[in-house]
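Each of the two complexes below includes chain A, the first together with chain B, the second together with chain C.
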Partner chain A sequence: MSNPGRGWEDGTPERLYVITGGRSGPLQSTSLDLVTLIIARSGPRPGMQPEHAAIMRLCQSPLSVAEVSAYLGLPVSVVTVLLGDLLAENQVLSRPPVAPAQLPDLALIEAVIDGLRKL
Partner chain B sequence: MDFESSEKPAGPRREDALPATAAAAVKVVIVGGFGVGKTTLVGSVSEIRPLTTEETMTQAGVGVDDIQGVERKSSTTVAMDFGRISINEELVLYLFGTPGQQRFWFLWHGLFEGALGAVVLVDTRRLEVSFDVIGRLEERGVPFVVAVNSFPEAPQHPLDELRAALDLPESVPLVVCDARRRDSSRDVLMALMRYLHSLAVTPEAS
Partner chain C sequence: MVRVGSSPGSPGPTSPVVWALPALVTAAAAVAAVVIVSAPARTPVAWVGAVAFVAVALSCAEAARRGRAIAALRATVAGQEASLSRQEAETVRLAQDLLPDVVERLRKGEFPDEVLASLEDPDAYEPGLTPAFRAAHQAVLRSVLDAVVAEEDLRDSAQRAFVNIARRVQAIVHQQAQELREMEDRHGHSPEVFGDLLRLDHGTALIGRLADSIAVLGGARPGRQWSKAVPLYSVMRGAMSRIIDYQRVELHSVSQVAVVGPAVEPLIHALAELLDNATRYSPPRTKVHLTAVDVNSGIAVEIEDGGVSMSEEARKRAERMLRQAQQGIDLNDLGETPRLGLAVVGRLAQAYDFQVSLRSSAYGGVRAVLVIPQALITTAEAATGVAHGIGTASGPRAALPAAARPAAAQAAIPPARTEPARPEPARTQPARTEAARPEPARPRHARPEHARSEHSRPEPARPATGPRLPADDEEIPVVTERTANGLPQRRRKAHTPAPALPGVHDRATAPAPDAARATTEPEPQVQPGMWLAAFQGGLSGDSQTATSRTGGASQNTDASPDSASKGGQP
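Our next item is the complex of A and B:
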């Protein structure tokens, strides 16, 4: 849990601060959910920040924000800021989760039940 | 478990890639105390090896109410394990395991937003954690089912005794499972979906 003596696996909180250019998430109100799906529009481009390039590589097929966070080993709040950059530059597409207002939706629940039956 | 970072793979294996047609995802949250089997349950039904995502609680991201009971530190890190089930070519279901203790409720903020519902995973040897969780879910209006993970060495209680002990309304499904088994964990999710279905058909039942 809280372990002030130990930072992230590959760095300290200061490093995270550097990665996001000093911005803290998830205040950008990019409306990214843990399960928003991210798809890169292309491969990584030369000159990209390494973290941005890593996201572009990961998201060649759709991947949730949570998975991006897990594979990069970065907190969701940091990944959200990085994804906000890529979205603003139109490098990636986002597919939002099923809207809460639509829940509970019978057709959706029935689809999930059908899917679970096949497990 | 909850706080141990498992080794992190560099990216999804080729066979783990979602199809390009994956259009939207939904969440189900598995809540329970430490060692109750959340990660086991997620792992037994997940199509990918469970992954771990970390989140920090900082002042900026958390409402004042949510800090109650948390040690006063500038930031706290908690890991959540999660897994994935492709429902069909368009729809993906994510399962997130999250600790039930009150001091971790700050995590619930983004987690329950838009979640289909929750599974409260219960160990009969430690019912106390479940009381708070159930109360909190009721407060938030999150539909949930309760699943008792049957540990071989745990005392076996009749379900109606457990229901009474948990002060659980008759309408809320209570099931027994073996979180290690895929079919059993699948049945827990199925119980939640059937319950959600009944709520959607007759909203007043909630």
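Our next item is the complex of A and C:
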């Protein structure tokens, strides 16, 4: 799809606005970020839109929005819309990424890397 | 002189002998009178007798001559009448048989010269017609032929012009749609731009449908060609994406089948026209229901709107329109837009054996049913792998047990269309699924790693929905083990857990998940994103979880170390 060399005809006839139902962003402003972690509360349910089901399957373990987007091959906005639906239905949980303050010092990591290289 | 002009063949009993009789009788009477009368009277009587004889003979001769002339005239008249009736019959034949036949043959595509030559065959005419008459007939035929040919040529060239223009528009629209899709990928992170792009995309799709309609009415294919089968679900959403009010269309359950490549575009187009009709003629707030169900002769796609009911008369008109369109469309008959849509549907239905019917809906609106013949349906796994990476298998499917989820890549695309939930044995062929499965699954394989390495950094511009490397489509050796000095070792991906999935997906077969789980046992723990969780856990000091998780991962022989290592070293 995103690779022109493959030829469009091998892609799919459906356009993105059908998948999102014409929305370009979630209805209520969610704090979804590229690195927000998403985890599904359950497996996909029958009758779900395939994209929703795919997200539910993907997010059995925590996955960032960016990754979901990459796995599905859909732009982030589309994924955000879909996740917004799922969040509204309480099907998935979102968790902001670990705050930078909690992460160890960058210098420490570099020191570790240096140490590893010296091995 | 009496015999002059008499012909043996003259009709009637009036032979020259008959005409001679009065003269002979007169002569005999004169002679008798001369004999009988007294001598002095003999000379005058003889004179009178002679004069009488001459007079009678003359009149008789004249009468005989006229009689013959009349007879000859009668014969001529009769002959002329006969030929006249022959000519009349011939002219009637020309009007009633020949001309329609000629026009028909021309319509069927025979060359005008051939047609004319076959008519010039003398056997084609009754005998006894004058050459001039035949020539005149030929001339009439030729001029009619010329007129018809000229008209057909005109129509042809008009249609070609239509199609030609439509093709150009289609090319532009196609190009634009492609670019829009790329832009959507590029600007996917900013909702404002993205929303605008979606609107543009929608508008472009509408233009594309118009161009397709023109092409179809011009007698050509609708447009794009699809090399592979496309899942019915995608086809239906494709149809939805080409109408204005797609938001009002509710897509319900869809059979897990695919449509063969050549029929995809016509089907999308026909459905789009029907959907357009349904949304156009129902109140703006009502929904239009779109479903597809199995029927004996194939798959029936139903489009039901809750709108204004169609009067019986209107329905008949619409059906007549469809029928007429199936017999061929006269472009002059096409009036307003709504009829254009039905004409297109009829044309497509005729070309691809769709059966279309319009009925009153129980909701009060119209229910359009389009039956796709069995020949155009194929198994779902024959379909092209991609429906935005997911779709195709519509919602109704069992939840997947988490444990059965294989490694990240496979999980990303439960190539859902896989299992036909249909009972027919022909469609449920697990063996085939196994073979077909890795194909769609594989391409995605490369992406996750790519994306992940990008996104584990804080500043990624946007996810790499992007480049799907063509090279990755085929066999990808997966890093499975590591050598002693930590270099990744690749092993050919002999067994993917993917083939087991069909069973997992199949809601029809209950015990299947267990079997699937059994086959995928070795690598169940690692989920997409697990490595990230482990990484974060490690960073946040939760060393216990980190080690246990990574430990678990390293024991997995298959794809998990792959993910871990790839993620670890961007």
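Quick note on the criterion: the second predicted complex is superposed on the first by the 80 of 119 C-alpha atoms of A that agree within 3 Å, B and C clash if a C-alpha of one lies under 4 Å from a C-alpha of the other, contacts with A are read in each partner's own complex, and residues count from 1 in each chain.
By definition in this document, contacts are C-beta pairs under 8 Å (C-beta built on N, C-alpha and C of every residue); 3 or more make two chains touch, one makes a residue touch a chain.
No experiment lies behind these values; they were computed from the predicted model shown.
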**Request:** Would you sort A:R57 into first (chain B), second (chain C), both or neither based on which partner it touches?
**Result:** both
**Touched partner set for A:D105, first chain B, second chain C, both or neither** = first
**Message:** Under the stated touch criterion, which partner chain does A:V18 make contact with: chain B (first), chain C (second), both, or neither?
**Reply:** second
**Asked** What is the contact status of A:R45 with respect to chain B (first) and chain C (second): first, second, both, or neither?
**Response** second
**Asked** Which of the two partners, first being chain B and second being chain C, lies in contact with A:V35: first, second, both, or neither?
**Response** both
**Request:** Go through the superposed model and pick first if A:G73 touches only chain B, second if only chain C, both, or neither.
**Result:** both
**Asked** Considering each complex separately, which residues of chain A are in contact with chain B in the first and with chain C in the second?
**Response** 1-4, 8-9, 13, 24-25, 34-35, 37, 57-58, 60-64, 66-67, 69-71, 73-77, 97-98, 103-104
**Message:** Give the list of chain B residues in touch with chain A in this complex.
**Reply:** 3, 5, 8-12, 17-20, 22-27, 45, 51-56, 58, 60-61, 71, 73, 75-78, 82, 84-88, 91-94, 96, 110-111, 113-114, 116, 143, 182-183, 186, 189-190, 193-194, 196-197, 199-201
**Request:** Going by the contact rule at the top, pick out the chain C residues touching chain A in the complex.
**Result:** 174, 177-178, 181-182, 184-185, 187-192, 194-196, 198-199, 201-202, 205, 224-228, 230, 233-235, 237-241, 246-247, 253, 264, 268, 384, 386-402, 405, 408, 411-414, 416, 444, 447-448, 450-452, 454-455, 458, 460, 462-470, 507, 527-530, 532-533, 536, 539-541
**Request:** Over in the complex, which chain A residues touch chain B? Could you list them?
**Result:** 1-4, 8-9, 13, 24-27, 33-37, 39, 57-58, 60-64, 66-67, 69-71, 73-77, 95-100, 103-106, 108-117, 119
**Prompt:** Considering the complex alone, what residue numbers of chain A touch chain C?
**Reply:** 1-6, 8-25, 34-35, 37, 42-54, 56-64, 66-67, 69-78, 80, 97-98, 102-104
